[in-house]
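By written order: A, B and C. Residues from 1 in each chain.
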């Protein structure tokens, strides 16, 4: 995870592999990517958003990635492309190829009988793989992971330290599951019966598609009877809670601290801002963007952006607004009364 | 946690054990529970809430659990009862009896001297039980759990992988503690002294009653001087934060992502919706329901439902409302001025 | 973490060490600190805030810490000082000196070659210290911690069970990192390219200063290109999420469940209330206080207190306010119309 091991590229090599129009010296040597502000010799930088354009004048980067519209914004060697941010992402992948640890199972881990563990798999110390669990080719379990009985993890997936996968859950290929994630804990299901909560056994699974990333300490509960489903390409940030029987459509992305209550169905290509809460049993269409800290209380059937956070203010102004808000009904009544009195006056006028 | 191991029941056996009025073929074989939508032959389903009644026409379930009022809503074999959801919960427990792993301590776990570990206990790999800790009969620690010095865990409690119980904390009987839970970390207590925060040692405990369930990655802090107390039958979902010296009354249930600040006292039989925040040093009466994403800023002395989330809207409408809200004080002034001008006009009229 | 091991002090000894004016019997024996309500013989208590003054009449404490203004509020032996809460904090540290476990590396832990582990270090069971990692003097890793390759942890820092530090991250001296914390997981960085999210490799580090405390299950993401930085003396409560490339200024404190999005820069001596969300790329000045559950949507350039939570109410009142709020634009229009009609009437009057 250090940048030191990466090899050097010439700018022309990068353009040859990733496309774009190269302007200037193709032989400039690129060792790493950097922001315009912190870049130095050997660094490739990028401009994404006009806000930072002035930094082009002062950057010490050896080359930059620019939108085609910014062709003349600098004299530095540059690659012009349609989407500098996506280009930067691909260049970063090129310059930082993923390394994986050597295969092998650490002797201080426990592989229960009947677990399927290919020779290409890496298992760190203090892990446990339950009986009947099946790991795909080149799966990596960092230290302290637990994979429950009959669980499945697809080829090339990586679990960082301390991940728990409960029994019978399924994770697809190329998953990146960060430290402390819990997949398949019981959903929050119970019924009140004579003054006591009776637990409803949670017997569904969590089923996660391919190319999913799950951020640190995020939790995804197993379904009650049917499964909780996370489709291909979904990206979940840290500290997210996904309730039982939720379905998240392909390529939807959620920022940190989001909570999704049970049985909500979220469409494809949605985005959910940090700290938003989505209530249970709702349906959200494809291509819906939920703003940060928004509480979604009913289904959303049309694509678009939806927001629901109270605008913050200096405390004194906020207190005034809050007081006025509490009296809003009174204000509505006063306006109605004014309308009536005015109508009376106007009549007399005639 | 797979359903495959469960035995088959005849519908009449279920009714005989759990009560209710059986209508139709008592000999129908039931292998598992399923939703009306996904049920097939051998499945027992249930109708809870009129919203799903139409599914009774198309379900392929072998039998259903219904409210007594719905007696004639289907021709399927059925059990009529007062509360179909609670009945479903009990039927689910009957059909999915909890299995527990074989007793024994995994050799790759550490039991410090002076810990009390009965022969009926199961301890998975990579656990640590500190000196002076006491585990009750049939306690299960899944892999990677840490139980601190002098901590106590009651009979039949189960800790899923990676749970940490700090020293001296107490957990009652039949607890279900999900993966990644942290019980007894230091409360957030400090004083600002000459520009630096001084830590206040947190010397109280967490004391948890019987029949408590705690969801994945939830955290409950130890008290400063006195204890943090979670009473019998409390149910906490995932990703909840309970501050130091909080007391949660018996049978209260909290949904995911709730935060409760220090020294709040919450009554019995309360419910708290997902993402709600309860400030410190408040008191909340019994039978109070807090809606999702509500910030509770003062004590609540009467039972009832309390809400405080801004209504979400398409972003454009939201922006308009937010702007009006910022100018609400101006609107109040304009209404007052209108009232004065109108009063002047009305006077002249006389 | 039990109080039983602490030695006894005479009140005069405490005043001699910590200052303040002693009034009454200096020979009173003090064994521990307690709240006014729960104190008994041998307990030193304190009054902080007039709200609890009446408890001075009934407390069974052997002595109390008071503000100089409260000199005559009780006849109990007492220490008068400027800031009773800070004094209490220092007295609590005096009476509860931190104990540390005996040095040594548990045989069921893994220290990779090239890791630097001084003889004064304590490493519990089921830990892993990666190659090239450097632990300072007297560092304590409780059971189940993972310290990644090339990571550094400063002298006298303590990691509670199950902490994960990703490779190359740096933690300063005297850190207290609670159970389940994840430091250095990948930031949430990706670009949408032809309908798929491309991951942006996260190559920066997390760099944490001295005297930082991090609460249970909190997560701090590594930077994309540059580092995420937590300055000296920062205090983070539980369940907080800090995004990539965030900078938090020295001595800032955040309560539980806060989320800070990527590249936000937060000043020194700020406080952030529980559940607040701070959006990305914002700047917040020094000495800013953000209230609980506030969404911060733009930069804050002046010190002060900022708030943004909707005032909660009984559900019925809330529903009325919410409905009025949805129609606020209509109300504004009605007031404008009233103003015009009234102006017309007033003109005719003349």
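Here is the rule we go by: a contact is a pair of C-beta atoms (placed from the backbone, for glycine too) under 8 Å apart; a residue touches a chain by one contact, two chains touch by 3 or more.
Values in this document were obtained by computation on a predicted structure and should not be read as measured data.
Colleague: Using the touch definition from the top, list the chains contacting both chain A and chain B.
Modeller: Chains that touch both chain A and chain B, as defined above, are C.
Colleague: Tell me whether chain A and chain C, two copies of the same sequence, contact each other through the same residue numbers or different ones, using over half shared as the line for same.
Modeller: Under half shared, hence different.
Colleague: Centroid from C-alpha atoms only, then distance chain A to chain C, rounded to Å. What do you get?
Modeller: The separation of the two C-alpha centroids amounts to 25 Å.
Colleague: At least two other chains touched by the same residue of chain B: list those residues.
Modeller: 108, 126, 144, 162, 180, 217, 239, 257, 275, 309-311, 313, 325, 328, 331, 335, 338, 342, 345
Colleague: Mind listing the chain B positions that touch chain C in their complex?
Modeller: Chain B reaches chain C through residues 108-110, 126, 128, 144, 146, 148-150, 162, 164, 166-168, 180, 182, 185-186, 188-193, 195-201, 203, 217, 219, 221-222, 225-226, 239, 241, 243, 257, 259, 261, 275, 277, 279, 291, 294-297, 304-311, 313, 320-321, 324-325, 328, 331, 334-335, 338, 341-342, 345, 348.
Colleague: Hey, which residues of chain B end up touching chain A in the complex?
Modeller: Contacts found on chain B: 1-3, 32-35, 38, 83, 85-86, 88-90, 92-93, 96, 98, 106, 108, 124-126, 142-144, 160-162, 176, 178-180, 211, 213, 215-217, 233, 235, 237-239, 251, 253, 255-257, 269, 274-275, 292-293, 309-315, 318-319, 322, 325-326, 328-329, 331-332, 335, 338-339, 342, 345-346, 349.
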